Structures are given as C-alpha cells and as structure tokens.
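Take a look at this one; I'll ask things after.
Chains: A, B, C and D, in written order; residue numbering restarts at 1 for each.
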Amino acid sequence: MEQVKVLLFGAAADQAGTREAEFTANGVTLDELWSMLTLKYPALSPMRGTLAFAINGEYAKGEEMVNAGDEVAVLPPVSGG
Amino acid sequence: MEQVKVLLFGAAADQAGTREAEFTANGVTLDELWSMLTLKYPALSPMRGTLAFAINGEYAKGEEMVNAGDEVAVLPPVSGG
Amino acid sequence: MTDGSFRIVDGPIDVGALVTGAFRPDCGAVATFVGTTRVDEGEGTSVEYLEYEAYRPMADRKLEEIGEEIRGRWDVGHVSIVHKLGRVDPGEPSVVIVVASPRRGPAFEASRYAIERIKEIVPIWKREIWSDGYVWVGSQVGTRSTPAE
Amino acid sequence: MTDGSFRIVDGPIDVGALVTGAFRPDCGAVATFVGTTRVDEGEGTSVEYLEYEAYRPMADRKLEEIGEEIRGRWDVGHVSIVHKLGRVDPGEPSVVIVVASPRRGPAFEASRYAIERIKEIVPIWKREIWSDGYVWVGSQVGTRSTPAE
C-alpha cells in the first residue's frame, strides 16, 4: 500500500528524533496527518504554532489534502541568510 | 609678489582653455576673483550658475575672502560615481 | 534580458567572481549583499560557527522564485543568489546576492528585497554551534543547557 | 572599532579583494555598491568609455569625510570606498563602496548613503567619450556637434 513520506527539518527533526517518517494515509488533511505524526512523536506537539508545512515542495495549509505518494515536509521557522 | 593660484576642472577647464591660472590678488572676495577670471576667460561667464568653488581644498561661497598664496578651485557640477 | 543564477552550494562561495560576473555594459549599478557569520562575544562563551541545512529541491525553487519576483518588479540585468549549506565559520559568507541594474535605485531595492524574502520563504535553517551544544535559530530548540541565552 | 580605507586610484579596482576584506566576525552583513560604465545603444552611435578626473587631495579628503559621516550615523565595522580615475570601459567599475555592519539594515543604508554623498560632494568629474567627441556629464559641455543628445 502506498505511503505518505514525511520529512522533518531543523528543530522539528530534533524534537521528533528523526528526519523522516512514513504513514499509511490517503485523502486526509494535513491537520489529520499532523495528528498521526504527534501520536508517534509527541515531543513535536508544542511546536505546532511555529511550524509550516509543504506538500510536494510547495507551502500548504492545514485543510489541504494529502494523498498516498505525496511528500510532506515539516518546516520550522526558516532562518536562512 | 604673491599670487592666487586658480585651478580649473572638467567643463570649466574646457571653457577657459586652461587648467590653471595665476592672479595677483590679496584680500578680495571669491566673487571679485571670479570677475578677474572671466575678464581673462570670457567663455567661463555663462557657467557661473552651475559652478562651485573651493579655497584651499574646502568649499567656499562668493563672499569669502581670498588671500595671496591661496589655491582657488573652480568646480563644475561633480559627476563622480 | 536578465542573466544570473540561483544556487545552493556545499563548498565556499567565490564572492569576487560572483560580483564581477554581474558587470554588464547595459548596467551602471551593481548592489551586493553578503551575509556572514557574526559572533557576539559573551561572558567567556560564544558561537563557534553556524551550520545550515535546506529542504531541497524546494529551497532551490524558492530562490528562483525570488529571482522571478525581482525581475517582475525592477529593471534588472543580472540577479544571482548563492546560499551555502553546512558549516560557516565566523566572518565567512553564508549567502551572496548580486543585482545589476541600469540604475542604482533598483539595484539597492532588489538586493534588499532578496535577503528579506530569503528569510521569509526559503526552507533553510541554521543552528548556532556553541562549545556546550547547539541551538536552532528561530526555534530556540537545541542541546544547550541554557538554549534561550 | 571601524576599519577600512578611502582611496582614489588610477589602475583597476580589485573588487573581490575589497569585498572579502570587509568580512569580520563581529559583522553579519556586508553591503557593496559598484558603479560601472553603462552604455546606452543609440542610433548607430554610443559612448565608447568614460574618463574621470579629480581635484586632489580635496577629493581624497571628501571620501574620508563621507566615511566619518557614516561612522557617526550607523553602527558599522568596516567602510571602504575606492574610486578610479582615467578611462573606464563599458561594464568596468569606476567606484566600489563596501560597508560591513553587525546587521543588514545599517549596511544597506550606509552603502546607499555613500554613493549619494559621492555624487554630491566629492570633486570628481566624468566625461563621456563618443566616436565623434566628448561631453562632460552634468555640464553638457564638450566637443560633440550634438552635445545635448
């Protein structure tokens, strides 16, 4: 069965203790995927307010849909430059 | 007898046909020196409104005094950069 | 026509080549911004270096998007942005932005715009490496005993 | 403490060395402005190159004055200004301004201020050399048959 791949960066990877995770999901919202993610990595929960997300490399909001095969990225506040 | 040295730059040197002139003067204003200068180089006259002047390397106004030994510079609109 | 390039690199940035590479006969102004690692001397301890990571290829695309935004807003002949990943020591450059324009106003405005946008939309993160641990900048998460310092 | 230098030179300007020479561990931002000879293609004729002259040492002192003004207004760690005299070909640099500051705002503002002040107070003049004569920029005086063009 196809999976959703979740990539974690910076402080989010630290808090989760991993840079990558896989979930069996299809036709869920980003918010729903977040619930699955924090169930597995509870230390992520307090970061919610600071995080942004991307679906397949483009910024996405919590109500947007995630399908099997998608790549979701968990993005702490960017600090390039 | 001591002289006032006048240096001319850019378009002013072109109009006068010289980059340097000497005048016998002491205790005259810049405006008076300008009259001496245009008597000798009439082609400078039309430029008056665009020119600035320096006495001994510092910007100076028409009523300021020029003394023997001073160096006066005739400065067209600067265009560095 | 605008030239230039948008790159994320692992090795050092050749700043001089980037600046002179922007010189064009149809442009009279080249504005450059370089971000370097700054170290504030604290009480006996200070940042040893910064370490950058990126979400690629999204970060590459976002740099290109910034270039497109700039070309849409200002009359520019050249826009280049190079961002380094990995370790960047104090005084070393992490990001270089070079904009050439016929006139200086657009060159200044566009180079400023580029760095502000990088800090807004490009998925790159830095952490400060201290002798006693690290802190992710902006998240205040890390391994230091006093990460909020 | 602020470092840097103010120079009027006859030979080419080493832009890369000037920029990297401004990097300091106590500064996080380096803003650079380079003025280059711009050529607008006209109908069959265009500027071949620019030629600069200066009233020295007044021009040297005025560059230093600008540096002092900048140090008085902004928190900067490095200010350098180099202006070339003589012939400057299309796309070649005539002036380079480099400002390093702990933060980017002051670096941008100070570098912009420097070029504006150079164009106001430093006794340097340029003429455009065309195939059919020259024109002093700002004075519209020269040897071209159509100097106002």
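Following the convention adopted for this analysis, a contact is a pair of C-beta atoms (placed from the backbone, for glycine too) under 8 Å apart; a residue touches a chain by one contact, two chains touch by 3 or more.
Quantities reported herein were computed from a predicted structural model and do not represent experimental measurements.
Trainee: What's the fewest number of moves from subunit A to subunit D, given that each move must go to a chain touching the current one?
Mentor: 2
Trainee: If every chain is reduced to the average of its C-alpha atoms, which one ends up farthest from subunit C?
Mentor: Following the centroid criterion, the farthest chain would be B.
Trainee: How far is the middle of subunit A from the middle of subunit C, if each middle is the mean of its Cα atoms, in Å?
Mentor: One centre to the other, that is 26 Å.
Trainee: Between subunit B and subunit C, what is the gap in Å from one C-alpha centre to the other?
Mentor: Chain centroid spacing, subunit B to subunit C, equals 49 Å.
Trainee: Distance from the CA centroid of subunit A to that of subunit B, rounded to the nearest Å?
Mentor: Computed from C-alpha means, the inter-chain centre distance equals 74 Å.
Trainee: Spell out, as numbers or ranges, the residues of subunit C touching 2 or more other chains.
Mentor: If we look for residues of subunit C contacting two or more partner chains, we find 35, 115.
Trainee: Pull out all the chain pairs that touch, please.
Mentor: Pairwise, the chains that meet the contact rule are A-C, B-D, C-D.
Trainee: In their shared complex, at which residues does subunit D touch subunit B?
Mentor: 35, 52-55, 57-59, 61, 83, 94-95, 115, 118-127, 136-139, 141-142
Trainee: Can you check the complex and tell me which residues of subunit D touch subunit C?
Mentor: Against subunit C, the touching part of subunit D is residues 14-17, 19-20, 23-41, 90-93, 100, 102, 104, 107-108, 111-112, 115.
Trainee: Given the complex with subunit C, which residues does subunit A contribute to the contact?
Mentor: Those in contact with subunit C are residues 7, 9-12, 14-15, 47, 50, 54, 57-59, 73, 75-81.
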